[in-house]
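Paired with chain B in one complex and with chain C in the other, chain A is shared by the two complexes that follow.
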Partner chain A sequence: MWMSSICFIWGVFFFFLSLFMFYWVIYLMMNNIVYFLEWEVISFNSVKIEMGVLFDWMSMLFMMFVFLISSVVILYSKSYMSSELNLNRFIMLVIMFVLSMALLIISPNMISILLGWDGLGLVSYCLVIYYQNIKSFNAGMLTALSNRIGDVLILMSISWMMNYGSWNFYFYLEFMKNDFEMLVIGGLIMAAAMTKSAQIPFSSWLPAAMAAPTPVSALVHSSTLVTAGVYLLIRFNYLFIDSYIINILLLLSGLTMFMAGISANYEFDLKKIIALSTLSQLGLMMSILSMGMGDLAFFHLLTHAMFKALLFMCAGLIIHMFNDIQDIRYMGGISLYLPLTSLCFNIANMALCGIPFLAGFYSKDLILEVVMMSNLNLFVFFLYFISTGLTVFYSFRLSMYLMVGDYNLMSVYNLYEEDYVMLKSMFILLVMSVVSGGMLVWMIFPYPYMIYLSLNMKLMVVYVSLLGGLMGYLVSVMKIYSLNKFIITYKLSSFLGVMWFLPNLSTYGLNYIFLSLGGKMFKNLDMGWIELYSVRGISLILKKNSIFYNFFHMNNFKIYLFSFIMWMVMFLFMLII
Partner chain B sequence: MYPSLNSNKMFFYFILFLSTLISISSNSWLGCWVGLEINLLSFIPLISNTNNMMSSEASLKYFLTQSIASINFLFFILLKLMWMKNFMLNNSISILINSSLLMKMGSTPFHFWFPNIIEGLSWFNSFILMSWQKIAPMILLSYYFYSKFIIIIIIMNSIIGAIGGLNQSSLRKIMAFSSINNLSWMLASLLISENLWIFYFMMYSFLIMILCLLFNSMNLFYINQLFFFNMNYGIKFLFLINFLSLGGLPPFLGFYSKWIIINFLIFNNFPMVCFFLIMMSLIILFFYIRIIYSSFLFNNLNLKWISIKLKNKQLFFYTLSSLISIFGIIFSTFFFM
Partner chain C sequence: MGQLMGSYEARNVNLDMNDNPTFDPHVGFNSQRKPREMKANLEDLVSAKIPRSRRDYCAHYLLDYQVCRYKHMPLVYKCAHERHDYLNCEHADYVLRMKEFERERRLRVREQRVAGAA
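After this line comes the complex of A and B, so read on.
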């Protein structure tokens, strides 16, 4: 029964696909090979539409991670979605998602990237609205429309790229770098990547998308969909080196990182905290990318994918145990009842904080040290380090809320780890979030980064982490009368707690203008004078005239003949005179 | 549908067709007048039917209008002969002669008899009145017309045809007003050349022939009959196609003739005439669609005890004609290879 279920079949299939990809990663890396396959779909007046496939170690490695996470998530769904009637549909959606992600990863061509990109947007919409309630519809619409902006930007960059005769951006990045049009394309791609990776003007959809089922969040909103933008920018990285437009991205992604770190501390929804921490880490990836270190961004992308997916899956299990309650204030003391889950959760959290020799340590520590080595202004520097502290802050707060203290939900309740299906799939990622950092740092960096810092600078990361951990502990043990003191800074708290008003900005802020304008247009034009002077007016005139005209036909036949004679006589007199 | 094979009637049909030929092929105005008179006198017995009071009324009305038009025509051609000999000058005389001919063909300012009479005719006679009876006056008009006057008449025709038919429930009146509208197209083609007129006239006659035959074979005289009749869906489809074709919707045959005329009108610098013709044919198309649309989609009752059966031979003929009406444009391209 279990062996023949769709989850098992596809989970195992993706797992072996992932191993196969791993083999290819090793092969391509060792021999330093890139395979580039190209199929010319149509050639039209010296413009070629092609389907290109690029197999290099980067795409293979990313594919390996995506397939691993998706295999684990599909196995996990067997238990998590066990009471779902349309499990097949759910798994099919996930598979479609993975396939469009794969299409995005392997294509070096703008048009085929657009296919994958649109597929991601569409399927993620279907997955976010999977529970089909108002909240998820709204979240899905916000997600889909935010991503749609990115689709449109990619379409625009496609139209800008037509001059080059082909859409294989891979060939033009270095060659056309000083071209103005390539700069425009770069700007469009950058903005598109910002929508997909939820950077600051567009970041409200990522926490909203937590309305999706938790396995979906683990797959989509931690490691695949949101990193698609980062991956695209890594591919375009050559274009952005020494380019001034990327400074905008540096600022915005730094602010995203900071904003998400702060908002996560105000949040009490378990999944939203994790989503905001994802947002913060995306900001980290984007900012190191915009400083020119694409390989570091990629490295962090991969390690982050591992522990963040694990974190989501642990959260899903906990939510399952707590009768689908997500508020962390109801939770507490689960380390006594769910030891293995707590193990996974804590390891993932620590990896996120960058505790040494877990996955996150290798990437984050390297990124921060490279940041300290590079030529930066103070503002960006502070953004980096405050955000690093904030990461530890909210991670510790979350851990303390969940693990320590009393159980807060109901008085008579028994928590147990439901079955081993979820746990087994979590263990795979547990292993990966321990070893993937070390494994990758040995694999993808042919020579180590040279880091040369003074002692205090070197210990800077430790300082901010310790400070953040301390604050996280203190916040979590805060009593209710201390929490009430926040009323003094109510305005500041409400600003920081709702992601700097970004959700309001991208929902009411946009809708209000267009809806009110549309309402006015509808009232004044559609129902107003356009109706009067075009459709209704014409038909009214015709109707009136037709009725008036029929009046002539009521006359006597004699009068018709007489009028004809009169007409003739009139002209005859004109003739004579 | 088929005219009864009464030998008297056949005789009058023969004279009807022959008199038109006399009229259009004579080389003097008097000969034309003679042809017109014979035509009038031969059509009267065809209209009148002793069983139907409406048709005798129609025959009387027809006689009165046509004879008054003929008197005026005779008077003015004689006057013209006296004053101008055989010169053809554009002055009031030409307007007067044109007016009498317009009266004969039922064109706008003098068209009041036309829907009135057609209400009393059978479908076959209506078809004759709408097509064949227009030949002689129009050909005569093409000999001698005052083009500025005719342009005004064209525009009036197109407007009156569109406005008048909008509010009718009788199918014959609708066809009469559509004939008035199509008269404007024909007059516009006369402005340009006679060949163009022949082309348009043949297309128009063909299209209204199908419709008149269809109406006749099902005894349809009012719009509401279309809703009640237990019609085969395919036959309704024939109505739809032919009405759309007659209205000049692009893929159909009726568009072809209108297209050519629009083309020539624009080449010959009549943009305003062209504008009026196109706009008014939109209104025409609107009430054509309104006839068939409601019976096609919303409002069809199926009565069990009235059902329309068509003979296979008839149905074959209608479908073949409708096929030409649908694909006529495509077929016509084969002739120019």
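After this line comes the complex of A and C, so read on.
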């Protein structure tokens, strides 16, 4: 009883906190003001260490969304994790995660950003390995080590920033942007953000992190942790305007969304498909960000957080009903048995595809139209539009596998939506997935974008979406994954289906070297030479000495007697002589 | 890329979308062209914290929109008319710039043709 009430208390607390944040957003937007509070902790040798907080509409709005999603995820966990013995520990981890995220969001200072950033990495590791099996440990290690690269890059940027005498990056971005040191710092920050937001070549940890419990995936791996990188770059956006290094990010993020879109079509794990879809949308956010439009990236970040968290929560409920089976080939016809969950799932999926007038439509359509208005090259343009088509492609395929067809798991079954705790929390996000796009498009753009396109260019999004939907339908009914057809395209599908071999790059290419080096050092140094010459060697010498001294200690009387006799012998000998 | 396709022909005369006009504004016109009038004044723009990139010939509509936003926040949809007026003005401005671009392209083509004939 106490265990389940902790979920309720924290869920309601976060919900009211998000309402409070909403009030602040309106206040800050209406008055067009920013609160910047700063405390000097210590000052030495022309370097000031300060603790600062930044309350502007952007940080408050992001906090509002983070708290709202956290509250529904915690309420959802009450039922999803009901059989968990240590629910208290789980909720505490989630709360620590949310607080780390909040620290990251309101920080204008690199030191406090590092604290929030490392907190996210550490807690997300604990959450990924929560089930404590080999798969979780491997996924957790991959996640932690990939994110560790980002931590090191942030540390390096902090040490470079010491040149300026303070770590409040806000004051440097515009004035120092032509400085070489600032360029280096920008490059480091960009690479760090790429690790957190899982851009190529650091993409493989995101699908692996699906080993975490589903509520964690809904909160951490869709809406908060992975968007930390995007948010950091939005804050650093001034630095990258007219900078050539941002073109690298444009190319890599474009390739990320393309790669993730293709890989999602080869995947059969329900959670991994949604994870790859997250990766694709992160690529979209990063690429529009690298074109200098941070506000559009932020807009898509918020709308995406809503419908992706909902999608994960629906997936969690479906997995719960299917006795922890995640393979979509076993599923089918769930719209008959789980109508309300299917409703939520379909609406979230449609919002992801950008169907009017759901949340994703407002952000995605605006991004694509701005891309069409921009002075871009053909390659990036096609990456955008093919990826948009691929999003509809895998979403349709997933919906077809889940909703249409026969139930394939077992012949006798009894599925029903028993769980109204999960459904209630999902309905909150359902409402937000419908209205948040329309609400935000009015609120967060004080300076609206003018779009002027020819008819066919305007309809380009509709064309690629229709084509993607058709392909998704055909792929799901054509049995294209049958063995014969798979062998014909074996090499191609093995390349495209495993994220362009990126997991191999991250595991064998990157982590394996250090892990095997660590293993060898452990075997040869820790357990070998160092053991022999330091710990065990000293202990052996001490042991020998102790035995030697012990001999004297234990034979005190004999030694005294022997000494006395020896003294007497010598005395007599001297007398005789 | 969308607008790039429309301006693709201009590459023949080494003209990019972001280039400024190089010819005299009155070339090819029978009457004198009137310079455009900036309706919003700088004080208002600074006071409303309008960023430099948005201080264009439609900025007076943007000011109206900002005032409306302030009055109706968070129900900003009530400012649909003000927003529409601003976007209409921006659209007219964009069309004007497209025409200027085309004029620049044609004048450069003409210049090349004259130079080739000579």
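In this section, the second predicted complex is superposed on the first by the 502 of 577 C-alpha atoms of A that agree within 3 Å, B and C clash if a C-alpha of one lies under 4 Å from a C-alpha of the other, contacts with A are read in each partner's own complex, and residues count from 1 in each chain.
One rule holds in what follows: a contact is a pair of C-beta atoms (placed from the backbone, for glycine too) under 8 Å apart; a residue touches a chain by one contact, two chains touch by 3 or more.
Remember, predicted model here, so these are calculated numbers, not experimental data.
K.L.:
So, A:L575: does it touch chain B (first), chain C (second), both, or neither?
P.N.:
So A:L575 only meets chain B here.
K.L.:
In the superposed arrangement, does A:N545 touch chain B (first), chain C (second), both or neither?
P.N.:
After superposing on A, A:N545 lies in contact with chain B but is clear of chain C.
K.L.:
Who does A:N375 touch here: chain B (first), chain C (second), both, or neither?
P.N.:
Only chain C; A:N375 stays clear of chain B.
K.L.:
For A:H553, decide between first (touching chain B), second (touching chain C), both and neither.
P.N.:
first
K.L.:
Does the superposition put A:I565 against chain B (first), chain C (second), both, or neither?
P.N.:
A:I565 contacts chain B only, not chain C.
K.L.:
Let me check the overlay on chain A: which residues of chain A are in contact with chain B and also with chain C?
P.N.:
none
K.L.:
Residues of chain B touching chain A in their complex?
P.N.:
Those residues of chain B that touch chain A are 61, 64-65, 68-69, 72, 91-93, 95-96, 99-100, 103, 109-110, 112-113, 115-116, 160, 162-164, 166-167, 283.
K.L.:
With touch defined as at the start, can you tell me which chain A residues reach chain C in the complex?
P.N.:
It is residues 26, 29-30, 32, 371-378, 380-381, 442-443, 446-448, 450, 452-454, 457 of chain A that touch chain C.
K.L.:
What residues of chain C sit close enough to touch chain A in their complex?
P.N.:
Residues of chain C touching chain A: 1-4, 6, 17-18, 48-51, 54, 62, 65-66, 69-70, 73-74, 76-77, 79, 83, 86-87, 90-91, 94-95.
K.L.:
Considering the complex alone, what residue numbers of chain A touch chain B?
P.N.:
Within the complex, chain A contacts chain B at residues 542-543, 545-547, 549-550, 552-553, 555, 557, 560-561, 564-565, 567-568, 571-572, 574-575.
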